[in-house]
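Below you'll find a set of structures to go through.
The following pair of complexes shares a single chain, chain A, combined with chain B in the former and chain C in the latter.
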Partner chain A sequence: MALATLVASDETTTPDADLKVRYIFEPTAPGAPDQFVTLLVSVDPARAEVPSLTAGIPAANWHEREMRDLFGIVPLGHPDPRPLVVHDGWPQGVFPLRKSFDGSRRVSIEPAEEFPHLAATGEGVFEIPVGPIHAGIIEPGHFRFTSVGETVLHLDARLFYTHRGLEKRMEGLSPLDAFSIAERICGVCSLAHGLGYCEALEHIAGIDVPPRARLIRSIALELERLYNHVGDIGNMCAGASFHYGTATGLRLKEALQQMNERLAGNRFLRGLVIPGGVRLDLSNDVARDLNTTLEHTLAGLDGLMGRIEANPSIVDRLDDTGILSYQAARDLAVAGVAARASGIDRDARRDHPHGAFADRAPLDFHVVTASAGDAMARMTVRALEARESIRLIGELIRRLEPGSLQTILTDPLPGGRIGISAIESPRGAAVHWLRTDSHGRVDRYHLRSPSYHNWPAVALAGQTAIVPDFPLVNKSFELCYSCTDR
Partner chain B sequence: MLRIVLNALRTGVVTTRYPWEPSVPPDRFRGAPVFRAGSRLPPPSVCPTGAISERFDEQGRHVGLDLARCVFCGRCAEHPWQEAVTVGRDFELAARARDDLRIEVVADAPVAAAAPPASDSSADLSAVAVAEAEAGVKAEIRSVLGRSLHLRHLDAGSCNACDWELTALLNPVYDVRRLGIDFVASPRHADGVAITGPVTRNLETAVHRTFEAIPDPRLVIAVGACAASGGMVGEGYASAGGVDRVLPVDVYIPGCPPRPEAIIFGILVALGRLDARRALRTS
Partner chain C sequence: MIGDRSFGLVCLEMALLLLAGPLVTGTIQKIKARLQCRTGADLLQPYRDLAKLFRKDSVQADTASGFFRSIPVLVLAATVTAGALVPVIRVGPPALPLGDAILLLGLLALARFLTAIGALDAGGAFGGMGASREMTIAPLVEPVLMMVVFSTAVAAGTTELGALAAHRGTEWLLAWRAADFLGFAAMLMLLPAETGRIPVDNPDTHLELTMLHEGMLLEHSGPGLGCMLLASHTRQMVTLALVSALFFPAGPAGTGAASLLLGVGTSAAKILVLAIFLALVESSYAKLRLFRVPQYLGIGFVCALVALALRIL
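What follows is the complex of A and B.
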């Protein structure tokens, strides 16, 4: 069993009149069924405390800190007393995800002391602060290195700069309206997160999505994986100063994003998936266009990987850089490419089937794993998965049969119900949890993105590398800040 | 090494001719919605971001569309409003004034008091003219910098879609360096800042410090719906609800995210270089 997600909720306005913490686990043994097991704890609002699980389950670390910041539920015995989601100057005793808090107004920034970063000390030890504003077009986060020379002793990552309060923002909306927000939690995971939200919502509504719509959803999900993986391989070349690789990766990614725009009307595939199905059909013309684009992508990707693998100066940068051990990856419940490159055989397309993967006629597909856990392994897994996505899209297109695109949802949705889904986004499994209130509106929505579980792994892997290699290590994980911070 | 050179030669030039030649978005592209005056214009509740508003006076019902808030989802053009609203393909929407992005249509009557988007040629030219008449800081930037602009990117809490589109500006297809535009690492080297995101509470201090580190005169470009208006995020406990709540904004670029050509257009609006392009187009 691994921790899939942890959802706190304020149910003081329901007959239960309590706060609840749900620890949601998933079985991870080979061939385990598609299940989630929820441990439900009722918390008295007057004494909001639960025992901390972090010492036994390291993956619970950030979840518990987030619960303390946003709900005021204290994880007793948690090893890290520092705030996580709310930053300097947040007023004491104010918990934004409590129902009594009005989330629509700004909260003033109060004078605050400097954040206590975890740092090593000793003779000759340097602290290197990096961020939150970085020297490039990247998302914001603060990294505090302590090093001796180039050797990293400790790396403390501080995120949640892009915390926008989106989960609070969705509360009280019609689930159909809140979809537009779910689709915009993250740019490069737009389709995966939109789809995950829809599947959780469809779970609540108890409807089946038509087969053609499921196929189109999966085609788009693979297309999202493909443009991300191809772009990420290019970005890793940037981290290793191989500019031909960077330019080629950017060019291939651009061609795929232009394909996205021809398919969905948006370069990030927004507006294709809607609750109940898909909004746009995959016409024969678009399918032909897609096949041609994928042929070019495959040729370009093979060429690029050939140049990378034949170039010892690049391979040397990637080999043994930023190692994440199998055990650490398991302890932190790491997801996606990062987990599979460290030997963990998990893929939500197989383990929690969604889209066309939930069809009765199963799709034959290969979960790619590697064992080294270094940057090279993560690049190789991406390249093999990209090729697998190209093959899968071809197969999914061949399976398209004429049919309807959407099952009409009744608005309002059934009240007091919970929906849960796990989608294999480009960065790994994203777990969506949605609960409707008695009027069928959004009562609580929570997204645990793959990046949320993977960021602590970046800090660990960064400690196996030298300071100048950190950008490369970071790019080899290629995580999102926005879907971590929400 | 030889293979790399051969590959590069085989690939040839992939760079777009935009802005010298127009960019035609694909059929399914969702640009600015076009409101036809008519009784079936959608109610504000249709719009997930609150970009649609309405007010009533003796002329009847006025329906407003705020392009800065719009996320171009296309819901207002769906059944049963498809007769009243069409999804346009115009993406060159950047404007210097927030009000230029507000469009109003009277239901049941022809268009009245409509402020068309900046890309409409006559309106755009007049906007450029007005701004140049200001002869303030921005004109100084243009005279000092000529055809070159170095920007610092500042993520103020975006979903990363706008950020990736800014990255795309540097790819071989858009390659904005050919236009004298570049992104620099330090705000001290920058002439201005391209801000994405609604300005989160946790980044507000960093946004101010970055802005202060840019030498004056400096341009502020709000890229995308969140930066231009708060967009889907709006104002809340964690968000200021748009860049102009904390900094003076020179150019607003609508889009969710704006496609790369739309951002190029916006930067050129900021530089006042579009008049040059029009001369080239008409010649």
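What follows is the complex of A and C.
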């Protein structure tokens, strides 16, 4: 069993009149059934405390700190007393996800001391602060290195600079309206997050999505994976200053995003998936266009990977850089490419089937793993998965049969129910948890993005590398800030 | 050694190196872009960048001392003065004694030292990191450069570059000895390090943690940054001119305007060839892991050492 997510909720307005903490686990053994196991703890609002699990389950670390910041539920015995989500100056005793907090209110910021970064000390040890504003056009995050010369002793990552309070914003909305927010949590995972939210919602509504819509959803999900993986391979080349690879990755990604626009009217595939099905059909013309684009992408990808593997200068940069051990990946419940490159055989498409993967005639697909856990392994896994995605899209298109695109949902949705889904996004399994209140509106929504579990692994892998290799290590994980911060 | 290159000609050569420096950078950028299937920016883009920077105001870190402001001017001055010591249009010693290859290398080292001091002075983490890396690489680059110069100077019996080039002018490629080939090989390995290019440094990166030379420029802004960039362009140009003076010093004799133009043309052609070489290297390789750079430069060191030994023995 591994920790899938941890969801706290304020249910003081329900008959239970308590705070609840749900520890949600999933089986990790290969071939285990598609299920989640929830450990439900009721917490008295007057004494909001739970024992901390972090010492035994390191993956619970950030979850518990987030729960303390946003709900005021204190994990007793947690090794890290520092706030995670709320930043310097946030007033004491104000917990934004409690129902009593009015989300439209501005809070007054208090004067604050400098954030206590965890840093090594000693002779010749110095600190390198990086970010949150970077030279490139990337999202904000602060990285505090302590190093001796170029050797990294400790790396402390501080995120949540893009926390927009989206989970709070969705509360009280109709689940159908809240969908547009879920889809916009992040740019490059738009489709996966939209789809995950829809699956959780459809779980609550108890409806089945028509087969054609499920196929189109899976085609779009693989397209999102493809453009991300191809772009990420190019980005890793940028981290190693291999210009040819950077330019080729960008070129292939651009062609795929233009394809996305022809398919969905949006480069990020937004607006294709809607609750109950899909909004747009995949016509034969578009399918032919898609096949041609994929052929070009496959040829381009094979060419790029051939150049990379035949070039010792780039291979030398990737080999043994930023190693994430199998044990560390297990302890932190790392997801997606990062987990599979460290030898963990997990893929939500197989373990929690969704879209067309849940069809009765199962798709034959191969979960790619590698054992080295270094940047090279992560690049290889991406390249193989991209090829697998191209093959899967071809297979899915062949399976398309005429049929309806959407099941009509009744509004309002059934009240007081919980929906949960896990979607294999380009960065790994994203777990969506949705609960409706007695009127069928959103009572609590929580997204555990793959990046949320993987960020601590980046810090760990970064400590095995030298300072100038950190951008490459970071790009080999290629995590989202927005998905993590919400 | 007093020769027939007039003072005016030396000044003209210096001005050429300074003014054409950005054009060479622009050319390298353009070739790189074409090799990556991109259109790339215009050849004149570096001039536009400089013009933009010289129009701007500058911002200075609170922690920087008063010396910080004068650093860019001093770096530029040292680099441009170094430019006066390389023959570009015509070979032969100058009409008045200016200085020799040792002074040239010293001036380039001075510019590098001042750049590093400026980076440390501002007190930023990236400046210090860039300076420390640059100072790790510099002691590996400079001795090799010295040895390559000496290996040719031993044959010519002078370290004055004009005279040295004039002496070599009589031996063309077919007359090259093993020492020449080895020295040239060492020089080609050094070129990317000396000009701050892949596989040693990456001038195009925005990743602060990987920077060497660029890291030291982060705290400069406006005209100061403009001076530093112009100094980088000039330094690259001086290095390329040094390579052509040492190994391909062919240039026209005579004093007329026609031979002057021909001299400009031939040196432009030589520098273009070297620029294409740099662009090809930059497009074919990834940047080396920082701790591999000494191994890479070590090969250059061995080549230069053997070249020098062959000359002396």
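Going forward, the second predicted complex is superposed on the first by the 486 of 486 C-alpha atoms of A that agree within 3 Å, B and C clash if a C-alpha of one lies under 4 Å from a C-alpha of the other, contacts with A are read in each partner's own complex, and residues count from 1 in each chain.
To be clear about the criterion, contacts are C-beta pairs under 8 Å (C-beta built on N, C-alpha and C of every residue); 3 or more make two chains touch, one makes a residue touch a chain.
All values derive from a computational prediction rather than experimental measurement.
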Superposed partners chain B and chain C on chain A - clash or fit: fit
Which superposed partner A:Tyr445 touches (first chain B, second chain C, both, neither): neither
Partner chain(s) touched by A:Ala247 [first = chain B, second = chain C, both, neither]: both
First (chain B), second (chain C), both or neither touched by A:Gly239: second
First (chain B), second (chain C), both or neither touched by A:Asn266: first
Greater chain A contact set [chain C / chain B]: B
First (chain B), second (chain C), both or neither touched by A:Arg106: first
First (chain B), second (chain C), both or neither touched by A:Leu280: first
Partner chain(s) touched by A:Gly136 [first = chain B, second = chain C, both, neither]: both
Which of chain B and chain C A:Phe357 touches, first, second, both or neither: neither
Which superposed partner A:Lys168 touches (first chain B, second chain C, both, neither): first
Smallest separation of CA atoms, chain C relative to chain B, angstrom: 5
Residues on chain A lying within both footprints (that of chain B and that of chain C): 135-136, 244, 247-248, 251
Contact set on chain A toward chain C in their complex: 126-130, 134-136, 149-150, 237-248, 251, 311, 313-314, 316-317, 466-471
Contacting residues of chain C [partner chain A, same complex]: 32, 35-38, 125-126, 129, 132-133, 198-199, 202, 204-210, 282-292
Touch list for chain A against partner chain B, complex: 86-88, 96, 101, 103-107, 109, 132-133, 135-140, 160-166, 168-169, 177, 180-181, 184-188, 190, 244, 247-248, 250-251, 253-254, 257-258, 261-268, 270-271, 279-280, 303, 307, 310, 480-483
Of all residues in chain B, those that touch chain A in their complex: 3-4, 7-8, 11, 14, 25-30, 48-49, 71-75, 153-155, 157-168, 170-173, 183, 185-186, 197-198, 200-206, 210, 232-241, 256-257, 259
